[in-house]
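Both complexes shown next keep subunit A, but they swap its partner, so subunit B is in the first and subunit C is in the second.
Presenting the complex of A and B:
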C-alpha cells in the first residue's frame, strides 16, 4: 500500500482533482447564481455541452485558447438565452425547458460534430501553462496547482468575485431577494425579470467556459456527450453550498478528486475492478446527499415564475 | 430614495392630511365602496372597523395606490391627487404595512432597507443603519439593524416595516389587519407604538375587525358595513362615551341591531332542548400561536342548535378543527353519546357520527379537479361498498352520487363534473350532502353561508334546521349575528379564544350577545 502513495501518484491525484474540479466549480458557481435568483437551471448540462463544443470548434479553427474559452462562454449563452426567454419572460416551466435544452444541446452538438469531423476526433495542441514563481516549486502540490493554464487561476478568481458581488453589491442583494421574496424586490423598484435574466445569462456564460475547459484542457478533443453529467453535479454542488461560493470551490475539488482518483488508481495499478473505481464520484455524490441533503436550503421562490400582484 | 426625517412634531393643522371625498369603487357585480368619505387627521389613530367584505381593503387600496376610485376624489393637504401606484403613494407620504410582510427574510434589516440602488454600487449599510437608529429612537423601538429579518418575530418585522415607511418620509401610515398574525403581547406592543407615532404627528390608519383593539388603540373610529360608511365616532365623542357605551354603539353600527329580518324567515326556534346532552365538550384547549383556545365547555342536546357567535378570528376555526379531529387538543375531553372521542382521528370521529362542514370549501372541503361523485365520498375512500379490495366500484359510487345529488338538489351537468367548476352554492350543497348523509349524529357548521347568494343562504339554513329536527346535535359557527339569532336555540359567544358567555335565544339575546362579543364584559 505504501508504494501507492508515491510523489508521482499524489501529484497526478491533485492535478486530476483540479482538472476535473474546475469545470464542476464553474458549473456550480453558475448554478448558484441562478438558484439565488430563484431559477432552477436544469439546462446547465446543455449549456456546458454547447460550450464544450463551441469552445473546441473556435480553438480548433483559430488556434487560440483564449478565443476558445470566449467561444465556450458564448456557446453557453446561446443555450441560456432561450431559457431566459421561455422561463423568465414567458413563465414556462423551468424544469421542462431545462430538460429540453439539455437534450437539445446533446443532440445538436453530436450531429454538428459528426457532420464536421465525421469519425475523426482531431486533437488540440496542449495548452501552455503559467508557472507561478516560487509556489510552483513546492513538492507534490507545486506542479499540480501552481503550474497550470492561466484560465485555472481566473476560474478560482471568479469564486472570489462572485462572493464579493453576493455580499457587497446591490446586485447581490437583488439576486437574494429575487429568489427569496420577489414581490419585495419589485416593491423596492427593481425589475425582477431583469435580475433573473442577468443571472441565467451569467450562468450560461460560466457553464459554457466550464464546458470549454473540459474539451480544451481536460481532454483536448471534443466527444459527443463529453460533459457526462458535470452540469448535474454542478446543481448538486450549488444546492449543498447554500449560497456560499467558497463552498462550491471546496465541493468541486472534492468531487474532482473522486473523479481523478479513478484515473490515478488505475495508473497506480491497484487491483480493484475498474467499474468500481469509476463508480466512486457518483457514490460520493450520493454520500454527500445522504449526509447533508437535509440541510440543503433552497430559496423559497425557486422554480416559480414571478407575476406581479399574485400572491 | 428620499429620506425625510420626522423628528419634530408638526403643529396641529386645522385640516386633514388625507381625505377621501365620497369615493365609489365598483367591481364586477359588487359595489365595494359606495360614496364613502374618510378624513385622516395628523396625530390620530383612525380605526377602520368592519366585518370581512365590508369594504375595508378596497378603501385602503385607494389610499395605498393599489386601486383608483371610480367616482369621488382623493385630497392630500386639500389638493386633489391621483394615487396610481404604491410608489406614488409613497412619494405622497403614504406608507402601507400590509398584512403579509414585504421584507426579504434571508436578508438583514439594513439590506432590506438598502435594497433598490444601482446594481454595481455598494449598499450603504452604515448610512442606513444610522438613519434607522435615529427613527427607532424617535418612535421608541429597538431593532438590531444587522439581524436577519427571518429571525425576527412577526411583531418585530412589522416594526421594521413601520420604520422603513417612516425613513421614506411617510406622514400617513396604513396598518392593514396588522394584528391578525400577532400574539396578544405583540398586538399590545403595536398599540403602544401607534400611540407614540401619533405623538410625532403621524396619522395612522388601523384596519381591524376586532372591536376591543379598535377601542384600545383608536382615537377615531369609522365603521364600514357592506361597502357603506355607517358611522364615525369622533375622538371627543369616543372619550365622552366611555368603553361600554362606545361598544354598544359600535355593535349597533356593525351588526345593525333592530334591522328587520327577512319576513319570510321562520321565527327563531326555541325551547327544543330535550334529553341528555349528545355532544359534550369539557375544558377543551388548543395551542395556537395567534389565538390560543382554552377552557371551552359546551354541551349540545339532540335536536338543539347552539350558535357560536363572535367576531371572526377569535378562535372559532381552531375550536372547530379541534372538535373535528383536524387539530391536536392541548387539553380537555369530547364525548359523543357518552363515549370519549378526543383520542380518535378524523375518520374515527366521523364513523361515530361527528360531522364537520368546513368554511374552506375548495381548500380542505373538496378536491376541485375531482368529480362530484368522488368528492361526495372523499372522507370514505377505500370503504365498502364503494371500494372492494382496493378497486373502485363505479356502479356503487355512481348510484350513491346520483341519490345525493338529487336529494340535496345539487345543480350540476353530471356526477362526473369536476366539483371546482360548480358555483359556491352548489359546492356547499355537495358538502352538506356528504356531511349530513349516513349515520350523522352531531354536526359542526363553520360559517355555512359565507359567500353564498340569498337563495343558497336560505336553502343552507333550511338544511341546518332540518338537521336539528332529525335529532342531530348542531353547533353553528357564524360571524353573521342575524344568522345565529335566526337559527339557534342558545347562543355561545367566543372572544379571544374563550367562550365568554352562553345565552338563551330570547327577546333580548341580541343586546346581550353584542355586549359579550365586544369583549368588554369578559
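Presenting the complex of A and C:
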C-alpha cells in the first residue's frame, strides 16, 4: 500500500483530476449560465464535441494552441447558434432540438473526420506549460497545479468572472430574471430573447473550449464521439451547484479526481479494465443524484419558451 | 379559407372538406420534414464530394428493392418497433426516457449469455420465451433508479436515464469481457446462439419473427394509450402532472409503471435483436438504436401506426446505409446526420404550421 502513496502517484492523481476536471468545469459553467436564464441546454454535448473537433483541426493545421482554443469556442458557437435560433427565437422544444444537435454533431464530426483523416489519428504536439514562479516548486501539488498550460488558469479565472457577473452586474440580474420570471424582466424593459440568446451563445463558447481542451490537452488527438458524455456530466454539475459557479469548480475537480484515481492506480501498477474506469464518473454522478437529488434546484421557467404577452 | 366560406351554407360538406384538409395537413406535416431532411442531407453529401443521387439510389436499392436488402430491412424493424413502442408510452406520459440504449444493450448481453446456457436443458420455444421475459425484466431493472428518483425525488429523468445509458454501455462491456466471455473465441464475445435455436423466420424468407413481436407490441401500446383507462391516466399525468394529483391519481406509482413498461419494451428489443438477428454480443457492440428512434416517434406524433411507417423508412435508410458504407465510402454516421436534420425540420414544420394557423384565425 505504501508504494501507492509515492510523490509521483499523488502528483499524477492531482494532475489527472485537473486535466479531466477542467473540461467538465467549462461545460458545467456554461450550462449553469443557460439554466440560470431558463434554457435547459441538452445540446451541450454536441457543442463540446464540435468544439473538440474544430479545436483539434485548427490546432493541427495552424500549429497554434491558442488558435485551437479559439476554434473550439467557435465550434461550440456554431452548434449554439441554431439552438438559440430554434429554441429561443422560434420556441421549439429545447429537448428535441438539444437531442438533434447532439446527434448531428456526433454524426457530422465523425463523418468529417473520416473524410479528412480516414482511419488515422494524427497527434498534436504536447502543449507548453506555464510555471508560476514559487508556487510551482511546492512538492506534489506544485507541478500538478501550477505548472500547467495557461488555458487552465484562464478557465479557473472564468469561474471567478462568472461568479462576479452573476452577483454584481445588471446582466447577472437579467439572467436570473430570465430564468425565474421572464415576464417581470420583460416588464422591466429588458429583451428576454436577447438575454437568453447571449446566455446560450456563451454556453456554446465555453463548452466548445472545454471540448477543445479534451482534444488538445487531454488526449492530443481527435477521436469520434470522444467527449463521451462530458457535456451531460456538465448538466448534472450545473444542477447540483444550484447557481453557484464555485461549486461547479469543486464538483468538476471531484469528478476529475474520481476519473484520475483509476488512471493513477494503473500508473501504480494496479490493473483495472478501462470499461470499469469509464463507468466511474457516471456511477459517481448517479450517487450524487441519489444522495442530493432532492436538493438540486432549477429555475422555475427552465425549459419554457417565453412569449411576450402570453399567459 | 375563402373556399370554406363560399360553400359555408352546406355545413356538412364544409366539415367534410375540413376533415379532408386536416388529413392532408397532417400528411404534409409528416412528409414535409422527411423530404426536407433528404434534400438537406444530400447537400451535406455534395459538400463532402459524394454524388447524392448515386448514394440515395444505392441506399434505396440495397434497403428496399433488393430482396435480401428488403428482408434485412423488415428484420431490422422488429427491435426498432419495440423501442418505438416503449418511447410512445413514456413520451405520452410526459416522461423522457432517453436511456433506451442502456436498457437495450444490457438486456441483449444478459440474454446472449443466458440463451446458449439454457439450450441443452430446455426445448427451444421455452428458451426463447424465457429469453424474451428476462430481456424485458433486465430492461425494466435498468430503469429502476431513474424511475425512483423521478417519482419520489423529482430528479430530472433526462439526465438520469442518459447517465444510466453511459453506465450501461460500459457495464455491458465489462460483462462481455470479464464474465460472459466465450472461451472458445479470441475476440471477446458471448457464446453464440445457433441459428436453429433463434426466433423462427417468417415463411420462406429470412425475415425474423421479431417483426411480428414488434408490430403486435406497437399496436398494443397504441390501443393501451388511446383506448384504456390506464392509458388515459398516463396521458393526464403527461399533460398536466399537477392536475393529475388533484384528480386523485397516484402520480409516483404511475411514473414507476411508465418507466417499467417503457424500459421493458426496450429490453424486449434487445432480446429480439439477439435471439432473432445477432446470436451473440461482441465487445464494444452498441447499435445505439434508441436515440435515433426518438425522432421517428416525434415525427409520428406518438401515434403507433404512423410510427410503423417511419420505422420502416428509417430501416431502409439504415440497412441501405450500411451497404452503402462499404460501397461508396460514406460511413454509417451519415444516418445520424439525417436523423438530426429530420428532427430540426420537424421542429421548423411545426413552427410554420403554428404560424399559419395563428394567421388563419
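Convention: the second predicted complex is superposed on the first by the 303 of 311 C-alpha atoms of A that agree within 3 Å, B and C clash if a C-alpha of one lies under 4 Å from a C-alpha of the other, contacts with A are read in each partner's own complex, and residues count from 1 in each chain.
In this section, a contact is a pair of C-beta atoms (placed from the backbone, for glycine too) under 8 Å apart; a residue touches a chain by one contact, two chains touch by 3 or more.
Keep in mind the model is a prediction, meaning the values are calculated, not measured.
Superposition of the two structures on subunit A shows subunit C fitting alongside subunit B with no clash. Contacts of A:42 after superposition on the shared chain: subunit C is touched, whereas subunit B is not. Applying the stated contact rule after C-alpha superposition, one finds that A:15 touches neither subunit B nor subunit C. Looking at the shared chain after the overlay, A:92 reaches subunit C, while subunit B stays out of its contact range.
When the two complexes are overlaid on their common chain A, residue A:276 makes contact with subunit C while staying clear of subunit B.
Within the superposed three-chain model, A:232 lies in touch with subunit C and out of touch with subunit B [touch as defined at top]. Geometry note, superposition on chain A: angle between subunit B and subunit C about the Cα centre of subunit A is 70 degrees, to the nearest 10.
When the two complexes are overlaid on their common chain A, residue A:212 makes contact with neither subunit B nor subunit C. When both complexes are overlaid on chain A, the residue A:176 reaches subunit B alone and has no touch with subunit C.
Between subunit B and subunit C, C contacts the larger number of subunit A residues. With chain A used as the common frame, the shortest Cα distance separating subunit B from subunit C works out to 5 Å.
Of the residues of subunit A, not a single one touches subunit B in one of the two structures and subunit C in the other. Those residues of subunit B that touch subunit A in the shared complex are 86-87, 100, 102-107, 111-112, 114-123. Subunit A makes touch with subunit B in their complex at residues 168-171, 173-174, 176-177, 180-181, 183-185, 187-190, 299-300, 311. Of all the residues in subunit C, the ones that touch subunit A in their complex are 44, 48-49, 96, 98, 145, 149, 153-156, 158-160, 162-164, 166-167, 170-171, 173-174, 177-178, 291-292, 294-295, 298, 330-331, 333-341, 343-344, 346-348, 350-351. The residues of subunit A lying in touch with subunit C in their complex are 40, 42, 82, 86, 90-93, 95-97, 99-101, 103-108, 110-112, 114-115, 224, 228-229, 232, 235-236, 239, 273, 275-276, 278-279, 282-283, 285-286, 289-290, 293-294, 296, 298.
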